[in-house]
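Next, two complexes with chain A in common: one pairs it with chain B, the other with chain C.
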Partner chain A sequence: MAMVNLTINGQKVSAPAGSTVLQAARLANIDIPTLCDHPALAPIGACRMCLVEVKGQRTLQPACTFPIAEGMEVQTESQPVTDARKFVLDLLFAERNHYCMYCEMSGDCELQALGYRYGIDHWVYPTYTKRFPVDASRKYFLMDHNRCILCRRCVRACSELVANHTLGVRQRGAASMIQADMDVPFGQSTCVSCGTCLQVCPTGALVDKRSAFMGRDIQTQHIQSTCAQCSIGCGMEIVTRDGNVLRIEGDWNAPVNAGLLCQKGRFDPLYDARPRITKPLVRKNGVLKEVDWDTAVQIVVQALKDTNAKDWGVLTTTYATNEALYLLDKLFRQELGVTNVGLLNDVAPKMVEKANGSLADVNNSDIILLVGANPASEQPVASFFIKRALNKGARLIVVDDQENGLAAFASMNLGMAEVEKAIEFAQRATNPVVLYGAGVTSEAARALQKLSGKAAFVALEPGVNTRAAAALGLNSGFDPSASKALYVLLGEQNWNGELVKKDAFVIVQASYQSPLTERADVVLPMAIWAERTGTVTNTEGRIQKVNKAVEPKGEAKPDWEILSLLASKMGKKIGTSLDEVSAHAAQAIHPS
Partner chain B sequence: MQPLEAKIADPAKRSMLLTALYIAQEQYGYLTKEAIERVATRLGLPVADVYSMASFYSLYRLQPTGRYVLQVCEGLSCHLVGGADRLVDYLRKKLGIEVGETTPDGLFTLQTVQCLASCGTSPAMRVNDALYENMTAEKVDELLDTLRGYHV
Partner chain C sequence: MAKVKIATDWLAACAGCHMSLLDIDDRIVKLLELVEFTSSPITDLKHPPKEGVTVGILTGAISNTHNIEVAKQMRERCQILIAVGDCATFGGIVASRNLVGTEAALRRAYLETESTVDGVIPDSPELGKPLDRVTGVGDVVKVDLFIPGCPPRADALFYALSELLAGRVPVVLPPEHFVYD
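This part shows the complex of A and B:
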């Protein structure tokens, strides 16, 4: 790439042609303050915080939008520049209520930090006199217009990143306000509660309700992990303080989602109010009694030894790590020879020899075939990618016999029987992408083969770690009524246990109390998403790390540890350390 | 009247938005929720964007007005011929409303504007899209009578 040479504060800098002054400065570790700019958003040059002196230019220029040129000379902290920045800050502090000591973001606010940096220690202009509304109509976070600096990061995040277009600015000048749709309360708007706007807001205008006033960033830990609420596998940071999860943030550097999360990933896990199982439970004389791990494991091992493999059934959630699924497969299918094995969710059919596409292909596609999958509710971040592509001019064809959350965005909605029509369009396109789920009929799957070589195929697997479970062969087909004894890796999921024989011996590995744990003979307490380390495989086949952010509750143990414990008590050597199991699991999922 | 969708001929362009809003305003009298939604659908734009635009420009009305919007020019030329103040005062008294208000029968809204580009024939006023020049009290009476005449 062609490089352009310039000097910033006398320092020689070179940056790729087409960079802005801000980007060039960042490459050279020269800090230019910004407010409306955000690395994930297109710059708009609205706040004038980043003003710099460019030799030969009549006025100061915003570094975030000003393109570099050969030989350019830039000053980033000269007197005229700092005077201008102070002026901007004076105006910002005077415009609304920036009385920091009562603000949730105090200590983490970008505006406040700049106030300190430029010595804004008093109000130059008459302070705020007007009260602005606070809109708390959304469940997870609120909007305090009094703290808003109208940088429009939220508006741009909603339209550029999420492609949801809920937010806008109404009126102009001093009357400008952030608003939703046609000026309705946020809670009644088309907002999908993804929280992306919350994550980009530089001030205390958008505030997370659950973690508000629970600690400044400096008092918290950020643990990088992978969201395990659907099969996309978004990178996230679990923010904790003193062993408690405060909130979840999207990881801007994550390869799959680049910072985005959805309601399922960002908020729902923190609002789970189901009572936990914290101790092993064993049924004695008809009632479940708390016991220690040894006793519980002993009983399970005995049951495994006493019951014939053909009488066993094994059912698993896909909300489990690669390690747990691998050990489950190894222990029950390979070692014990159990064949009645199944998953709690469906699996997308095998379409092409290898699903060759990745979610990133959606970005550059000109036509997207969405076949038998409903990402709007199942994999929301994938639906954001689709809507983003539509913004760039791509067309969406939905082929589904069910109601589809993206139907309104499609240029064409077809039934599964009309898949040929969609295929015709794809054949004429340049970069077609086929996104398919478990709803694809076998006829449609066969027909779509015609596009192999032409289209990028990306599965949108139901569940979470479904790709790994299927690679391990855990979806071989399960009949609950056929088993006298049943091992259910239920994890955090719910299953009502329909068709399980009344007299079947049921062992459940679960995190939460549920009808199935009530009915079980042995319940093994399992750690939840934030309490375990391991790996998960996303729908593209990408293996990613999940990391423990807090200790398991009570005596709960991570999913794979429970199975490893059972295996070793059975005298089976199938891996005891995490690293060892992870390596085996990865090998089994992607045989090389 | 042609439906709004037909008048907004080239729907694929964001640059059509201001014109489209103007057409919608003509047909609805002001930009109702429904009008904004129809424009958004027709142009394939987010409702939030269309609403933002509509609320940005003061030429668009988000509140209802009377059937006839009387815009009296307060520009310099109209002022200098001594017409503007007198015309506004005359209309205020005659209609019994203040500037910015609408008569109870919903017929007239009184507004003042800057220069209608009719300085040579000042004082000028505009009723919806039509320009009225060299205005006097008598001509105002005549005009109001004519307009009322359409609605008896």
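This part shows the complex of A and C:
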């Protein structure tokens, strides 16, 4: 790569050609203050905080957009520069309401930090006396226009990252306002509540309702983990304080999502109001009674010994770790010989011998075939990737017999029987991508084989850890009528147990109360997503870590630990430590 | 050495900044060996002496005509004027009145609150007349040092006074003492 040499504050700096002054300075660990700039967004030079002196230039230049050139001489903290930045801050503080003492963001606000840095200790210009609206019409976060500095980070996040184009700016100059769609309340707009704008806002203009006023960033812990609400496997940070989950943020460095999350991942898990199961329960004289773990496990072990393997059925959610699914398979299928085993969700059909595509391929595609999958509601972050590709000029063809959330964005909507038409287009494209889900019919699947070698095939698995469950063979087809006894790894999933025989003996491993746990004979309390450590496999086959952020509620235990406990009580040595089980699970999911 | 004279007063304030001054704790004993507090809102003598003081400290915002008189008198009678707290520096909580207007704020406070019976907006000639716009002290008189904070930490006030006693006038407080909240 061609390098360009310049000096910043007298220091010799080399940076790749095409870099901006800001990028070059960051490479050399020279700090230039920014406000509207964000590493994940394209620079627009709006706020003028990063103004620097460039020798030979008539005026100060914004470092975030100014390209470097050979021999350039830059000053980042000279008197004219700091004077200009103070002037910019004086103007920013003079607009709207920037009184920190009753602001939620005080302590974490980027504008405030710059006020401190440049010693803004009183107002130079008269401040606004106009009150701006607060829009709290969205469920999860609100917009306080009084705190907005019009940096447009939210607007760019909405269009560049999420490709949802809900946010925009109306009017000009001091009358500028951030708005949704054609100026409607956020709650009635096309907003999908992914919260990306919330995550990039530098001030207290966008505020998370649930974690507002619950502490400064410095008082919290950020635990890196993987979202386990769908099969995409987005990297996230669980933000906790004193053993409580405050909020979830997208991990900018995560390989799959690079910071993005969706409503399902960022907000919904925190609003789950279902009552938890916190103690083992055993049915005695027709009533569920709280017991200790030893008693519950003893009853399960006895039941497993008393009932013939062919009379057992095993059902599992895919809201479970690789470790739990591995142990479930190992204990029931391989050690006990249970054959009636099934999943609580469908699986995408096997399309090509070795799935060759990754979600990253969507970004570089010129035509996307979306077949039998509805990412807009099932894997929203994948739908953001698709819409981003469409922004860059790719075409989308939706092939689905169901209603599809991306139908409005498609150049063509076809029924499953018309899949050939879509294949024709894909064959003429340069980088076609086939995104397929469980809705693909076998005929369509066969027809799509024509594209193997040409297109990147990426499954959008329903459920969460479906890819791992399928790799372990847990989807071998479940017949509820064939089981007199049933072990259900229900986890956090909602399932009413409609298929369960009335007189079957039912053991449920679950986090929340549900019709199934009400009806069960033994209930084993299970930890939820924030309370367990392990790994999950995403729809691309990527194995990623989930980390415990808070202690399990009550006596709940992580999914795999419960199965490990059962196994050891039965005298089966199938792994007791997490590392051991993880290694076995990885081997079983990706046999090398 | 003669003691350095300090006068303090409050304008439209909640007294929190003066509490913070008292929060200097036992260091105030040491301080009193070097300075004399001539007057303050919490002592018998309320006005800075005619012969003047070295340091004048004002807390609170400029909210009515009386505040302007107090600020001007303090400015005339002190050599170094310090604006202490978010109200004195920026207008602070008091300035949130600007967002609704003085008239509406008075009506709400004296006539319309849920517990008001036969409310009257005070208009005695002895009282200062409320201004249309609340500002910091710097909008009315020249201020030599601004110490923001709601309230400023006791350490910040102690630091500023120590610096002044050492013959230095800080331009802006160092980062460890500089807060807006």
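The criterion applied here is as follows: the second predicted complex is superposed on the first by the 592 of 592 C-alpha atoms of A that agree within 3 Å, B and C clash if a C-alpha of one lies under 4 Å from a C-alpha of the other, contacts with A are read in each partner's own complex, and residues count from 1 in each chain.
Note that a residue touches a chain if its C-beta (ideal position, glycine included) is under 8 Å from a C-beta of that chain, and two chains touch if they have at least 3 such contacts.
Just so you know, these numbers come straight off a predicted model, no measurement behind them.
**Student:** Taking chain A as the common reference, can chain B and chain C both be placed on it without clashing, or not? Answer clash or fit.
**Tutor:** The answer is fit.
**Student:** Under the stated touch criterion, name the partner, chain B or chain C, that contacts more residues in chain A.
**Tutor:** Between chain B and chain C, the winner on chain A residue contacts is C.
**Student:** Looking at the overlay, what does A:D183 touch: chain B (first), chain C (second), both, or neither?
**Tutor:** After superposing on A, A:D183 lies in contact with chain B but is clear of chain C.
**Student:** Go through the superposed model and pick first if A:T127 touches only chain B, second if only chain C, both, or neither.
**Tutor:** second
**Student:** Counting only touches as set out at the top, which of chain B and chain C does A:G115 meet: first, second, both, neither?
**Tutor:** Touch partner of A:G115: chain C, not chain B.
**Student:** Which of the two partners, first being chain B and second being chain C, lies in contact with A:S159: first, second, both, or neither?
**Tutor:** Once the two structures are laid over each other on A, A:S159 reaches chain B alone.
**Student:** Which partner chains sit in contact with A:N97 here, chain B, chain C, both or neither? Use first/second/both/neither.
**Tutor:** A:N97 contacts chain C only, not chain B.
**Student:** Tell me which partner A:V169 touches in the superposition: chain B (first), chain C (second), both or neither.
**Tutor:** first
**Student:** Is A:S106 in contact with chain B, with chain C, with both, or with neither (first, second, both, neither)?
**Tutor:** Only chain C; A:S106 stays clear of chain B.
**Student:** For the overlay on chain A, what angle lies at chain A between chain B and chain C, C-alpha centres, nearest 10°?
**Tutor:** 70
**Student:** Compute the least Cα distance separating chain B from chain C in the superposition and give it as a whole number of Å.
**Tutor:** 25
**Student:** Contact residues on chain B for chain A in the complex?
**Tutor:** Against chain A, chain B makes touches at 33, 36-37, 46-49, 51-52, 55-56.
**Student:** Quick one: which bits of chain A touch chain B in the complex? Just the residue numbers, please.
**Tutor:** Going through chain A, the ones touching chain B are 159, 165-172, 179-183, 190.
**Student:** For chain A, which residues count as touching chain C in their complex?
**Tutor:** Going through chain A, the ones touching chain C are 97, 99-103, 106-107, 112, 115-117, 119, 121-123, 126-127, 129-131.
**Student:** What residues on chain C touch chain A, complex-wise?
**Tutor:** Residues 83, 86, 89-93, 95-96, 98-101, 133, 135-136, 138-139, 143, 146-148, 150, 171-173, 175, 178-181 of chain C touch chain A in their complex.
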